[in-house]
Amino acid sequence: MSTIYSPFVAELKEKMEFEGSFLVKIVQLHMDKNGRPYLNMILMDKTGEIEARVWDNAQKLGDEVRAQDLIRVAGKVNLYQGRRQVVVEAAAKMPEGSVPLDRFVPATAYDVNRLYSDLHALFSTLADPFARALCLKTIEEPDVKRRILRAPAAKSVHHAYAGGLLEHTLSVCRILDGLAKHYVAYYGPAVSRDLLLLGGLFHDIGKIYELNFERGTEYSKEGQLIGHHVLGCELVDRVAREIPDFPDELRIHAKHLILAHHGRLEYGSPKVPHTVEALIVHYVDDLDSKVNTILDFIGEDKQAGEFTAVNRLFERPFLKPKAAPNFQGPSPGVDS
Amino acid sequence: MSTIYSPFVAELKEKMEFEGSFLVKIVQLHMDKNGRPYLNMILMDKTGEIEARVWDNAQKLGDEVRAQDLIRVAGKVNLYQGRRQVVVEAAAKMPEGSVPLDRFVPATAYDVNRLYSDLHALFSTLADPFARALCLKTIEEPDVKRRILRAPAAKSVHHAYAGGLLEHTLSVCRILDGLAKHYVAYYGPAVSRDLLLLGGLFHDIGKIYELNFERGTEYSKEGQLIGHHVLGCELVDRVAREIPDFPDELRIHAKHLILAHHGRLEYGSPKVPHTVEALIVHYVDDLDSKVNTILDFIGEDKQAGEFTAVNRLFERPFLKPKAAPNFQGPSPGVDS
Amino acid sequence: MSTIYSPFVAELKEKMEFEGSFLVKIVQLHMDKNGRPYLNMILMDKTGEIEARVWDNAQKLGDEVRAQDLIRVAGKVNLYQGRRQVVVEAAAKMPEGSVPLDRFVPATAYDVNRLYSDLHALFSTLADPFARALCLKTIEEPDVKRRILRAPAAKSVHHAYAGGLLEHTLSVCRILDGLAKHYVAYYGPAVSRDLLLLGGLFHDIGKIYELNFERGTEYSKEGQLIGHHVLGCELVDRVAREIPDFPDELRIHAKHLILAHHGRLEYGSPKVPHTVEALIVHYVDDLDSKVNTILDFIGEDKQAGEFTAVNRLFERPFLKPKAAPNFQGPSPGVDS
Amino acid sequence: MSTIYSPFVAELKEKMEFEGSFLVKIVQLHMDKNGRPYLNMILMDKTGEIEARVWDNAQKLGDEVRAQDLIRVAGKVNLYQGRRQVVVEAAAKMPEGSVPLDRFVPATAYDVNRLYSDLHALFSTLADPFARALCLKTIEEPDVKRRILRAPAAKSVHHAYAGGLLEHTLSVCRILDGLAKHYVAYYGPAVSRDLLLLGGLFHDIGKIYELNFERGTEYSKEGQLIGHHVLGCELVDRVAREIPDFPDELRIHAKHLILAHHGRLEYGSPKVPHTVEALIVHYVDDLDSKVNTILDFIGEDKQAGEFTAVNRLFERPFLKPKAAPNFQGPSPGVDS
Amino acid sequence: MSTIYSPFVAELKEKMEFEGSFLVKIVQLHMDKNGRPYLNMILMDKTGEIEARVWDNAQKLGDEVRAQDLIRVAGKVNLYQGRRQVVVEAAAKMPEGSVPLDRFVPATAYDVNRLYSDLHALFSTLADPFARALCLKTIEEPDVKRRILRAPAAKSVHHAYAGGLLEHTLSVCRILDGLAKHYVAYYGPAVSRDLLLLGGLFHDIGKIYELNFERGTEYSKEGQLIGHHVLGCELVDRVAREIPDFPDELRIHAKHLILAHHGRLEYGSPKVPHTVEALIVHYVDDLDSKVNTILDFIGEDKQAGEFTAVNRLFERPFLKPKAAPNFQGPSPGVDS
Amino acid sequence: MSTIYSPFVAELKEKMEFEGSFLVKIVQLHMDKNGRPYLNMILMDKTGEIEARVWDNAQKLGDEVRAQDLIRVAGKVNLYQGRRQVVVEAAAKMPEGSVPLDRFVPATAYDVNRLYSDLHALFSTLADPFARALCLKTIEEPDVKRRILRAPAAKSVHHAYAGGLLEHTLSVCRILDGLAKHYVAYYGPAVSRDLLLLGGLFHDIGKIYELNFERGTEYSKEGQLIGHHVLGCELVDRVAREIPDFPDELRIHAKHLILAHHGRLEYGSPKVPHTVEALIVHYVDDLDSKVNTILDFIGEDKQAGEFTAVNRLFERPFLKPKAAPNFQGPSPGVDS
């Protein structure tokens, strides 16, 4: 089979014959009424998922292929009970690295390197040299940078795609920057821009360790047992201790901003906000993730009429806006 | 007694002898162990409250003076159980109108006419002519304008002073304006600036009828039994019906933005947000009122040490910022 | 095909061949393993629902027929996986109006005109002329009367059938009438029969606008975004303003009775009851709807043994009464 | 001192000199600044409570008098910090039984013997002979009858006065009787009048053992550790076992009606209602106790204006009705 | 068919032909596309459950066999959609008593007679003769003993197998015995070993009446409507009344320990713990049932990786221990 | 004044004249009616608190003495409004260190060095060498040891006295040791004694940094903003990293045991228990602290009758045990 061209999952139409490359999400061996074995698979790339069924050499292929492997498939698309299903005619496991992984995993619509450099530029403007050093040193660490360029912001709720964490972090920081200007005009230096932006950068940073996200997104062992609040604290604590004369006061503030960012104990924060900055960071994080969740949901809704289906997280339908949400371009908001 | 000069309550120091004008908040007649009657009063002006005790002609003065009257007092300040207390030497009820009421009621630090004109200017920028007409027509109604220039935003929590509703409304609208720019850059016209600003203007407008606020702030009968969500809806509904060809769709949106602005049923909203704009308005309203509440609380806290006393609403102490919050100037944020 | 006679869904038995008229609830086009298209439909009338499958001319019929259309079907009843299923031999869309809609939608067992006249008679007995005028004028408005004769009391919980709102309203009013006699005997005029009956009539009246109920029951756009509390308020407010000299006090009372009838904020009331009458109306509304829900559920339960299956709303099974609930007759309770 | 005449507490006015008999609610020995001992007491009768202070022979009287003793007092009424206070000139403990206790304990306004005979008459109408026997035999037991004629319905919330349990029980039963007629007309024998009335009689009967109520009302040891749900069950279980051939089914029903009458686990019911009758009994019990609580509260409210003070249980103020609630007459509702 | 030998459900492998005896859990008659009737059954024994399908004589067998019957089956094991399924070739209902029931119902891994005698021995060590008599007399009653040897501790959560109640009760009592030693060393006789062990024995004893458990486990009518708290109280109350001079104090304590053992009202306890012993019994009951639930769940989990699937009761996955839990031996802990 | 002898606060009786040393808890300057200044103080030592009033040289003493200073006082005990009050005749601030602080702060009844060595001995028995090393190395760190010998377990709830943390930790570890034996007998090595004891030692260890406890107990800044969950994690993480080859797996387990020990998010744990050991540690910590709280409360209750006053934390009264709790001896449970 050729490995040169492949259609995307979203492009597969009924009755189409094709050949292409996919990530195996699930693979199971079954037997039909007559005792003949067949494979059921779910194949995915960044545009969606599709079922596939293999009859020929099912047993042998089933021994070779595991979830999260890459696979090359030739087949035809049928409609079965209203859903598309690939009837596989030939299939073979692909060698690792033969196709770049970012073909298979959904990703942010924005250029992650641009998002990163925008974020870096924003933190270069912090007034306090220690706060500035803490932020820049952290995101410049090669392992942190490598992870932050790929991490999603969540397993399945908001910004749940490669680069989603970076997209969310930058969006939150920009909103906080606007609020800093706004509230300093009202209340003076009782509201600190530096602390707001520290909170914006660090509140979710522990997610680079909480989630395994190379192929699909799963909680890591540390993620499940320790969680991104504490993992983020540990990272910030370590980097701060590597900066000479780093003030205790600022280190405690930074950790508090992380620990309190879910706002309430029952949402997993071991501390409620005890500073006005921690409260604001909580609100903006919550708002930005909810806006993304809702607009994603509206964008994917297929229900007829003026309302979407009931969203399970929000336990309600949403009224659809006149214009569907679109998610594209390099790094929005940069020049505004 | 002279009625020309008066010190403010905040200026009264121990052992000081003075003469001045105050609003009577509470007045009660008591009898001492020897059967001698005396009056206990709480006097207030916009800078604070102070206790006062009258021994001479207590019975007679007690017959004349009622809560919310204005009174002229000559006396001396003592310290009693750690608190200041005025021993009254002479007192007389003042005729209505002899002193402007705004001396006695705490008010926003900002110029309400400037706040109003800034708000008016902001709504002149709405894109949809019906949305623009609805907003401007509403705040230009003489009775609405008169009330909005004086109404507090709440009885006792946030922005609880004359002009507080206007201050809060403008602050919310400015933040929403910033968020509109931000999210339109990300998601396009699926997020509507017009709806966000409609929600900013109208979410609390029912409070001009919910509260009686000429002297002190109390719930009106309609406020107690119907509430500002529905009172606001009724106002908007009426004005919209007076605009020819006003679209149903927009009228429903405006009412939904009001009804849903507390975000959850248990906070008094009869509807949860079903649009992304209603959700954003809820967050910004909530955030802006909490920021004001906390900074007010910090500004008034008297506890020694790095933390304030426990705030009853938030059930926690707050870490004091390095710089105390200050609240002054005309209309902040205008030129930024 | 003849259009004269039709069996009801409840009458269709296994192996029966028949011809009849139904409302199409759901229609979907599928393809079988061999690529042959077929239609899956759910047909309904007021006695129940049944699945149907069309093989001949499936594509063509699928292009013609939409959900909520009326359809004429000839076919045979099979048993498939324990459920009845119609194998359709011939089918055609029916012209609008060829069969009265009330054949297809479940309805109250009682005569709605009798329920209406009983309700009208009850409100003629109100003592206060303004209260009496408000009630009678409202239900005599032609659009209100037309809607109230058909509206269900809910989408899927209690009294969820045509005329259910009227049946529930009358039942609530009669119970309130009894409680008025009872409590006036105990506490005198501190309990007002007029207010209780006002609350009985108006508490759910907003549902005539909240729900679209001509064929099936769905939330209207105003229903989803504004809700029957506020829609009811607006109706009462408008009618009251059309009655000369209508007292403010009574108008506020009527609106409070509507707004508070869910009893708690978390159940969607923007105000909790602040009068004893509002509290009583809440209890009786809640009780009457729960009694109807439970007895309906018991009447339809098919589980063997002394207990029903677990009811999802109540999260519990119910003990079945010795006698099954029956729902019939003209307007019960009239002469008792 | 004479023991013939005594004013009631409610009749004591400032500066009045009097002699009278009271129940001692609290008694405490203190010492003034000069080391002179004095007694502080709270005296009560069924009309209210008043503070009293004894200077002469305070030590000796303090040794003699205990809480819940009867005392004869001569003294004068002063006003102290806005409250009435008796300055005692002479005082002596009274022998037990010298004055009937019902002078000192607040009681129902109705004739308890009439309430009892009305209740008895109502239960004579039950259709099922076992249900009838169970009810009549229980309330005819001399100890039960003696207790039920005096028991309050609660320690401090609703019907918290001698005879209150009987008053509440009869009121609940009458409402249930009305609902039985109503719902049988709608749903037939699926709703059982006998079970409703059984629930009305027995739901709170355990309170005759849960509370000690001869002087003041306190929880008994069994009341505190076992509670009126289970104590009521045990009484009904015992009496039912003494009736030959009493059916198990009915015994279980009766106990379920008692155990489920608080409606939810978190309100102390170990079982939620699993029959429609248990649900109705819960609603009527809850409604009747809340109506009594609110009207009592309104009747005693002293706040100026249209609203009462905030009620702590309901966490809200109530709008006062035009006519104050009155509580009097023999047994209301009998002939209606 | 022979009735001599039978494989266990857990031993049935794909393609195996066998003959054996099973308990029928569910039986349903269906019809295939061609109108041919067939039976779907779920067969069980103590090692698990398996589906079975009967084609020959399906109608006749369907008339004979009911859920909870014993059945003799000859057939072959197929794999259908990844699950084992028996294709039945011949089947016949078995006479009652032909095979001991304990073959079919899952049971504790421990010897119930040994558990019973250990429990008996433990209660022989109580210090107070009345407490000792109450415990021993209760568990020696033939009907109680017979039931306690077979009862599960719950319908579906913890220790949900024959003998589970006894296993749980003994485990709780042993832990309480250890805690009694521990806390008496700290706090002296303010903590009573006798009360702790009374609570350990009696807290769940009502379950012998709450559940029907001969074949499968269902709530009894008394269980559903009255519950094991009150049923346990009634048993203890009755036995205590049969012991001459049994002290009231101890009887109330025993009943309180039962009623309060769920710790909170919302968990079904009509009383919260008012003694330190009742609190400790609640904690140990809760802990022991949760430990059993979790380890059972881990033992049965089939998910790959370090974590189990999400447990529905706990709403979380568990980290698997290095060593899988094993449940075997006579009565553990006896000689330690 | 002599500094040699001092009575304890608990020994001060009415009319006693004395001289002694105390810790100043609160000090305030007031003025009497005649303008004469006086000091109000609350003095404390480990046996309790007493009010004191200073008239002579009040101003001067007020300038010298601050809260938490030591003071030497000569005076006399009066009874004022039923409470003891010291009238101070002479007073002087004492030099730091002139009296050991443990005279002034309430402390555990047990010998803290014995508690420490018992704890050390227990951890020497851990099976896994890394687990053993982690525990011993941590408690042997001089700063940790110094703090753990003095820290209370809480600010005001359970074990709220010097050494209370150590007392609680040892009690929890002993109970866990018993449960380890118990459950290993039932379930084998699926339950790990090492992990249980790790959890016992470390669950509250962060409190040595969360609280400032040299004189009185207050939250430290890190305690208020970061909390003992995360502070404990950081300590364990640091010590583990100092042990060569310390396994990641064990480090994660130890941190999870700390983070999950409050059992639920809403109680401040950022993670719920995901291992059976974490669940058991949570239960035992919770149980041990509640037992201590209740018995302390019962020991100090002064209410007449069989029940205590209502405990605010538990919102209920407790039945008093026949024998009052006593708290004494060296380290209980050692030899049992």
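Note that the chains are named A, B, C, D, E and F in the order they appear, and that numbering of residues resets to 1 at the start of each chain.
Criterion: a contact is a pair of C-beta atoms (placed from the backbone, for glycine too) under 8 Å apart; a residue touches a chain by one contact, two chains touch by 3 or more.
Just so it is clear, the model here is predicted, and its values are computed rather than measured.
Trainee: Would you mind naming the chains that touch chain C and likewise touch chain F?
Mentor: Both chain C and chain F are touched by A, B, D, E, going by the contact rule given at the top.
Trainee: Give the chains in contact with both chain D and chain E, ordered by label.
Mentor: Looking at chain E and chain D together, the chains touching each of them are C, F.
Trainee: Do chain B and chain C, two copies of one chain sequence, contact each other through the same residue numbers, with over half in common, or through different ones?
Mentor: same
Trainee: If you take the mean of the Cα atoms for each chain, which one ends up farthest from chain E?
Mentor: B
Trainee: Averaging only over C-alpha atoms, locate the centres of chain B and chain F and give their separation in whole Å.
Mentor: 45
Trainee: Whole-Å distance, chain A centre to chain D centre, using C-alpha means?
Mentor: That pair's centroid distance is 62 Å.
Trainee: Mark out which residues of chain F touch at least two other chains, giving numbers and ranges.
Mentor: Expected reply: 221, 224-225, 274, 307, 317, 319.
Trainee: I'd like to see which chains touch which, written out pair by pair.
Mentor: Pairs flagged as touching, ordered by label: A-B, A-C, A-E, A-F, B-C, B-D, B-F, C-D, C-E, D-E, D-F, E-F.
Trainee: Which of the residues in chain C end up touching chain A in this complex?
Mentor: Touch residues, chain C against chain A: 28, 30-31, 33, 35, 221, 224-225.
Trainee: Give every residue of chain F touching chain A within the complex, in rising order.
Mentor: That would be residues 221-222, 224-227, 229-230, 233-234, 237, 252-253, 255-256, 259, 265-271, 274 of chain F.
Trainee: Show me the residue ranges of chain A that touch chain C in the complex, using the header's touch definition.
Mentor: Touch list, chain A to chain C: 78-82, 306-307, 317, 319.
Trainee: Could you pull out which chain C residues touch chain D in their complex?
Mentor: 171, 174-175, 178-179, 181-183, 185-192, 272, 274-276, 279-280, 283, 286-287, 290-291, 294-295, 298, 307, 314, 316-319, 321-327, 332-333, 336
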